[in-house]
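Chain IDs A, B, C and D follow the sequence of writing; residue 1 opens each chain.
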Amino acid sequence: MIRYTSVHKEYPRTGVALTGVSLAIGKGEFVFLTGPSGAGKSTFLKLLFFEERPTRGEVKIGPVSSATARTRDVVDLRRRLGIVFQDFRLLEDRTAEQNVAFALEVIGTPQGAIPARVARALAQVGLAGKGHALPRELSGGEQQRVAIARALVNDPFVLIADEPTGNLDDRATRGIFDLLRAINASGTAVIMATHNMELIRRNPYRTLELNRGQLVFDSADTPGDGEGT
Amino acid sequence: MIRYTSVHKEYPRTGVALTGVSLAIGKGEFVFLTGPSGAGKSTFLKLLFFEERPTRGEVKIGPVSSATARTRDVVDLRRRLGIVFQDFRLLEDRTAEQNVAFALEVIGTPQGAIPARVARALAQVGLAGKGHALPRELSGGEQQRVAIARALVNDPFVLIADEPTGNLDDRATRGIFDLLRAINASGTAVIMATHNMELIRRNPYRTLELNRGQLVFDSADTPGDGEGT
Amino acid sequence: MRLALREALLAFRRAPLLSVLSVTTIAVSLFAFGLFGLVAVNLRSALQRVEERVEVRAFLAEGTPADAAAAAIADILVFPEVATAEYVTPERALARARTELGEFEDVFEAGVLPGSIELRLREGQRAPATVAAVARRLRTFPFVDDVRYGAEWVEKLYRLRTIATVAGLALGAAFAAVAVIIIGTTIRMTVLARAREISLMRLVGATDGFIRLPFLLEGLAKGVLGGGLALGLLYIATRVISAQLIEVTFFDPPLAAGGVLAGALLGFVGSAVSVGRQLRRV
Amino acid sequence: MRLALREALLAFRRAPLLSVLSVTTIAVSLFAFGLFGLVAVNLRSALQRVEERVEVRAFLAEGTPADAAAAAIADILVFPEVATAEYVTPERALARARTELGEFEDVFEAGVLPGSIELRLREGQRAPATVAAVARRLRTFPFVDDVRYGAEWVEKLYRLRTIATVAGLALGAAFAAVAVIIIGTTIRMTVLARAREISLMRLVGATDGFIRLPFLLEGLAKGVLGGGLALGLLYIATRVISAQLIEVTFFDPPLAAGGVLAGALLGFVGSAVSVGRQLRRV
């Protein structure tokens, strides 16, 4: 369903961020993405929702290919994705609730259906009581969970999460991870970049490791270790 | 050197964030601050550099007390502190170098002395080659390390770090932690909020634990466990 | 659409400074533009009134009988350029001179003024060359002694009118350009101020049209507000000037409505151009 | 200080839109203010010229000998209000009437105009009441037939001058207020746009003065630029108007320098007030 073919990404001022990455991810898979700081994890994910386009090679997600996608295709794709950004990207002048509702409004969800879905998403991440707080009135971990709620609220077919537990304690991390697992169980593919080796060790999902822009490890290629495709 | 006396902090819209916190931290100590998301760690630290003032009680750091401090005292205090913010707070229109230099310029460091000190601080956090990149051209972990470099560059007498390794992999975390230890060894007190229990377990420093705004654990009160004051 | 409207209204609440600034600059620009418009409108009507008084006077030889004059008038009224022609008897000429030149009234006791035929020309037939041609034809009448028509004055009038029109148009265009630039700039700033929001909208799947619509509505609303404000200010200005200095006329309703419409158009087009360009950068 | 200067310059580079907008609005405000200033300056000098022509004419009885008139002039020159007094012989009166009223020149052949004494009043002695008093005193001379001085005209002139001054001051003050508001707003926006930076400066130990200085310098620089721009525009405007319509005078150099200084002051004070208030909020 997702396919990277010899993907190479070079930024104008900082140089090569990804090089020679080829892999496939199946429908409804759960994938960890790991690697040291600056390895290219976020870049890998940004290519998936077309915030960046590859310098060479092709990224294909569902029917949309980086080689041919027009604006309209990208819009349609993004409406069916859920994205947790590493830097949260909450709108500072809107409450937690409004931030989550925003993702629904933008894609034209009927106004009547929004409040219930927003409340449910906030409850799922353990922020039922914080809906009216502005981002600056929330702790770092609470902000991160608002970002997660926003990514979940539109029932995406692929959930892309970039370091979604970096600001969370172990218990909250487990809570969020259980949530991601449940979402995955209902058929949504989850691709999660993380530095939490403990999480990776304890959960037998497919793991990709990047280093200096290269895919140095894919548990799917190592029989017996992880689930694979 | 640092003393919290019955500190209570209540925010107008979100309620009590800290309550009944009393403790003392000695000169040159290394202290971990931990606790679940929303426990009040960041609030605890903000009181230390007077971004917030306690609703009741007193925070005293060196000669400066929250009960009596005037603007001028706060300015003088902050010039001698190093702060790593949980959300980095890098200026988006300045390069990594300029962001670090900013902290020196603001306190009136002679122009000639700045470049060498900035270069040293960036090298210490492993970003020697990234000085000319803007924050948006850096990965999450790289941005976090720029924030750390900025906090170190003015040789503070207390270093306050709020979740400084949340976006770092294990190796980079160890590197930063070694750096903090070295700085501590040279006499700087370090107060570090973190969710990384592994780090806390492996390093026998004093640990404070907050939960729902209350200080529920202080290893200094538990003889034989940690260093204590 | 409902959401876009709400967003557009929110924009006013979320960035009141920018909004007030935009509306103010639109209002100031249109006000300045409108002032020149008012000057033009009033100058035009004043010129028209003055122009109507452009007349040609044929002085008749002493002793010309009234019925000869009447016959001549019938001939003259056939000239295509002539609107009215009137016989002024020597007595009426004297009476008129007395009231017009009051200071010297004693002087006229003794003198006798010649009779004359006074012509007014049709509108559009008052250009200097036309007037001169009519005068030449009048001179061919046997009992016409002299023809006067203030050639220089007619020419001056025309020159003034031309200059006023050109200057008005030039200054008006300049101000309109300034208005467009300021509107473009403020919208550019609004876009920049909301760059984070816009890029986030894109990332969660908003269409370009969806992103653009609130800006267009916002621009339209600001234009209408700015135009209305400018119109109000202009109205106050004309009232004050009329009361204190000289009687000036305001724009007639269709022109006033046109002004507000111009504001709306300015806001909308300024937004459309600027938003399109700016969105590509965010 | 060097840093503050660099920061102030950086502000222009980092927020060129805001900077251009600020400079433009200052320029537009001062331009509008300056236009009224120019109108005032020119109206004042025009009124002065017209006022100098306020004269009182005493018509002498027929047959008054020239030396009696000369003696009367000597008496009249003693009046404290009188600047000049001149005897106009009947012959000169006739000649003058002929050139002034060319159209009716034939009329004057037969008539005879009375001789007269023409007075000009001193500056500051041309108020309607004063003129009337002088006229009353002239009437007491035995051979003075009549005194004319266009009472209404003098009064109208004075009223016009008063109205022009009041209107100019009122409109000028209004525009200055608008300028200050716009400057305050743009600076408020600059502060808001740099709110993150300012709060960070505070957190790393910058003094309030250190934070404020670049804003003040920036305001000053924008004021000077805006003032200079407005002055340039006004100069061009006077040149164009002088060439195309009527001769108008520009501000003299000290007044022009004062205008730029006013811009600088406006920028500086606007910044100081606004920055102080805004910094407390960030």
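Quick note on the criterion: contacts are C-beta pairs under 8 Å (C-beta built on N, C-alpha and C of every residue); 3 or more make two chains touch, one makes a residue touch a chain.
Small disclaimer: the values here were computed from a predicted structure and weren't measured.
The fewest steps needed to get from chain A to chain D, moving only between touching chains, is 2.
At the far end from chain D, in terms of centres built from Cα atoms, lies A. Mean C-alpha positions place chain B and chain D at a centre distance of 63 Å. Chain A and chain B have CA centres that are 29 Å apart. Chain B and chain C, compared by their mean Cα positions, are separated by 69 Å. In chain B, no residue touches two or more other chains.
Interchain contacts close the chains into one ring where each touches exactly two others, per the touch definition above.
Every pair of chains in contact is given here: A-B, A-C, B-D, C-D. Partner chain A is touched in their complex by these residues of chain C: 2-3, 14, 196-197, 200-208, 210. The touching residues of chain C, when paired with chain D in their complex, are 17-18, 20-21, 24-25, 28, 32, 97, 101, 103-104, 106-114, 148, 163, 167, 178, 182, 185-186, 188-189, 192-193, 240, 244-245.
Partner chain B is touched in their complex by these residues of chain A: 11, 13-14, 34-39, 41-42, 86-87, 130, 132-133, 137-142, 145, 162-163, 166-173, 195, 197-198. Per the touch definition, chain B reaches chain D in the complex via residues 49, 51, 71-72, 75-81, 83, 85, 89, 91, 93, 102-103, 105-107, 111, 150, 154.
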